[in-house]
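Two complexes come next, and they have one chain in common, chain A, joined by chain B in the first and chain C in the second.
Up next, the complex of A and B:
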């Protein structure tokens, strides 16, 4: 049995808010594939980008508290975070705690005052929902369980920034065949290809959506998002598959904003990769939260349903 | 794309005279345009050390000016004046007056970390941009940017409850920055979702806005973080001799 068969689950704040559909579709896909999730007890925000800007070590502490609960209280060996931001921050905290004495000292001090065990680097493996399905199930098994091939659906896979950059916090990536690449990520492409989708050649897989300033500098974010949307359309995509709630809501928000403010209309739809996999596994669109998306994914999915 | 280099000749330094005679020679008009020389009268020798003392700026001294950061920069592609390599150069030689010319755009770094990925010297330019934006605010050269106001609102919520509620952050942020909540495109977005969202879900979202999500057993952690943040703020101010 794979070590990813049962993992600690860290949904994070966004998956209880704007990314609600990502949460429900992740759980539904896991259930259909026989993968189990134990939600981390009393979890807190990972610190996102914002707390890091106030003080980076506070973000390290916030992420370490989540890992401490998973490792020390729940005795888990693997924690899975579907949100790129959470995944990135847990990875970064892991790196800093393993390599920087000052970070260890600060985290230890705050942890003691907060009254919980300090997280020790190396006691937990942090993975993304992509790793969870790709390594825990694999393409062959996924193909066997298909109920509804996505054949004919043209998909642009969009990974965003936090899944691959900066590379030093992802030591398991770029390790040759079978591992994820930081310059040309392909785990989502692999899974969706196994589900029957036709992946288009999309050059902006790891481009930035401007998520950090989505509200504080909306004009730049709109231009960055419009770039991504128009490139996906030019590549012939019906759908942009996403794997991060911030990217996803950023693409949706600024698609509307580009139309309203710049008069540039795009029609490509955004769907979480878990929603697409869910459709392929025969799960009902309602259970996957497809009606919660701003862009109407059903229009594209009618092609395959 | 080629690296965009800043032109050192500024339009305001180009002098064309309508009617000018020097030693009886007519030098009027476009053909004898003068360029006023650029004078840097003062260097701030402490500039690099001050930026290096702020979180993110620690490794600025490693830079050897290859320009990979600017070449890979997301914001540079939108605004060619956004030039991390150039700013790192100015900071390292202490040309504060030149740096201040760009003070209003430095905060616009979107933290995509393409520069950090590309940098062969592990300068962590993303961190340097944050440290520089922070420095500008602490020194009073710029007011707090919208990004800083957003970060502060976000962090305050995390310290208070352990979690964030997106709706509350957006409302408080718009109020703090004096923007109307009912912007065309936001209204349009809500309309598009509401069209398909079942009543039950709408009700859940409204409830989340009233009863804020909280982390259980958070009080002591929140207090410890708050104490640490105040301590760091004092340390940063001291490093910039602002006491």
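Up next, the complex of A and C:
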């Protein structure tokens, strides 16, 4: 049995809001594949961007509390976070706690004040939903369980920037054959190819979507997103597959804004990779939350359903 | 055309380096000055690494265009250069650069709001 067969699950705030469909499709796909999730009890925000900006060590603490509950209270050895921001922050906290005495001191002090056990670096492995499915099931087993094929669907796989950067907080990546690459990530490509999709050559797969600029400079975000959308269309994609709720909602909302503000219309659709895998596994679109997406994913999926 | 696009990408990073008060490097990394400029521009600014792969893709497309002169590859290279320009423009407009893309840490440091965990 794979060590990823049953993991602690940290959905994070976005998956209870704009990324709700990512949450439901992740759970549905896990269930169909026989993978189990134990949601972290009483989890809190990972610190996201906001807390990090005010005080990075408080963000390290917030992420460490989630890991403490998973490791110390739930006795889990692996925690899975499908959101790039949460995944990134848990990884960053792990790195800081392993390498920075000041972070350890701050986390220990706040943990004691909060009345829970301090998280010790190395107690838990943090993985992304892509690792969970790729390593927990693998392409061959996935193929065996398919009910539909995504054959004929052209997909641009978009990973965003927090899944692979900064490189030093992801020591398990870039370890040769079979491991994920920080410069040319391929786990999503591999899974969707196994489900029959045709992955297009998409050079902006790790480019910044401008999510960070959304409030401070919306126009830059809109232009960055528009460039990603137009590049995906130029590559021949019907769909952009996403694996981050922030990127996903950014692509969807700025697609609408680009048309309104810049008069530039794009028609490529955005779907979470879990929604695409769910379709291939024969799960109904409603269970996968496809109706919750802003862009009409069914229009593209009609090619394969 | 590929040389023009590469030169444009280098000019974008030169502007970034100069805005930070440094002289743009003349050196090359893996034979590309663009990659050396990116390395220089990211020194001390981890968030600038968000455009590292964009620069590498520009170099890759430059090499691709040396072997095949097709319209699609050229269009992709143009979009990559445009993406780099938009990203750097955004970084320069929003001068609150920090740990990652949206961090406004330096702005807060200036206003005395930074590092409150010691209290």
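Everything below uses one rule, namely that the second predicted complex is superposed on the first by the 305 of 305 C-alpha atoms of A that agree within 3 Å, B and C clash if a C-alpha of one lies under 4 Å from a C-alpha of the other, contacts with A are read in each partner's own complex, and residues count from 1 in each chain.
Methods note: a residue touches a chain if its C-beta (ideal position, glycine included) is under 8 Å from a C-beta of that chain, and two chains touch if they have at least 3 such contacts.
Please read all numbers here as calculations on a predicted model, not as lab measurements.
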{"item": "Combined model on chain A: chain C and chain B, fit or clash", "value": "clash"}
{"item": "Which superposed partner A:32 touches (first chain B, second chain C, both, neither)", "value": "neither"}
{"item": "Comparing the two partners chain B and chain C, which touches a greater set of residues in chain A", "value": "B"}
{"item": "Touching partner for A:146 - first (chain B), second (chain C), both, neither", "value": "neither"}
{"item": "Partner chain in contact with A:231 - chain B first, chain C second, else both or neither", "value": "second"}
{"item": "Partner chain in contact with A:113 - chain B first, chain C second, else both or neither", "value": "first"}
{"item": "Touching partner for A:65 - first (chain B), second (chain C), both, neither", "value": "first"}
{"item": "First, second, both or neither for A:44, with chain B first and chain C second", "value": "first"}
{"item": "Which superposed partner A:53 touches (first chain B, second chain C, both, neither)", "value": "both"}
{"item": "Touching partner for A:204 - first (chain B), second (chain C), both, neither", "value": "second"}
{"item": "Chain B versus chain C as contact partner of A:252, first or second or both or neither", "value": "first"}
{"item": "Chain B/chain C common contact set on chain A", "value": "49, 53-58, 106, 110, 161, 165-166, 207-208, 210-213, 216-217, 220-221, 223-224"}
{"item": "Contacting residues of chain A [partner chain C, same complex]", "value": "49, 52-58, 106, 110, 161-162, 165-166, 183, 203-204, 206-208, 210-214, 216-217, 220-221, 223-224, 227-228, 230-231, 234-235"}
{"item": "Chain C - residues contacting chain A, complex", "value": "46, 49-54, 56-57, 60-61, 72, 75-76, 79-80, 82-83, 86-87, 89-90, 93-94, 96, 98-105, 108, 113-117"}
{"item": "Sites on chain B touched by chain A in the complex", "value": "55-56, 74-75, 78-79, 108, 110-114, 116-117, 124, 127, 130, 145-152, 154-155, 158, 162-167, 170, 173-174, 177, 184-185, 188-189, 192-193, 196-198, 201, 208, 213, 215-218, 220-221, 223-225, 227-229, 232"}
{"item": "Chain A residues within the chain B interface of the complex", "value": "13-14, 16-18, 20, 42-45, 47-51, 53-58, 61-62, 65, 106, 109-110, 113-116, 161, 165-167, 182, 207-208, 210-213, 215-217, 220-221, 223-224, 252-253, 256-257, 259-261, 291-296"}
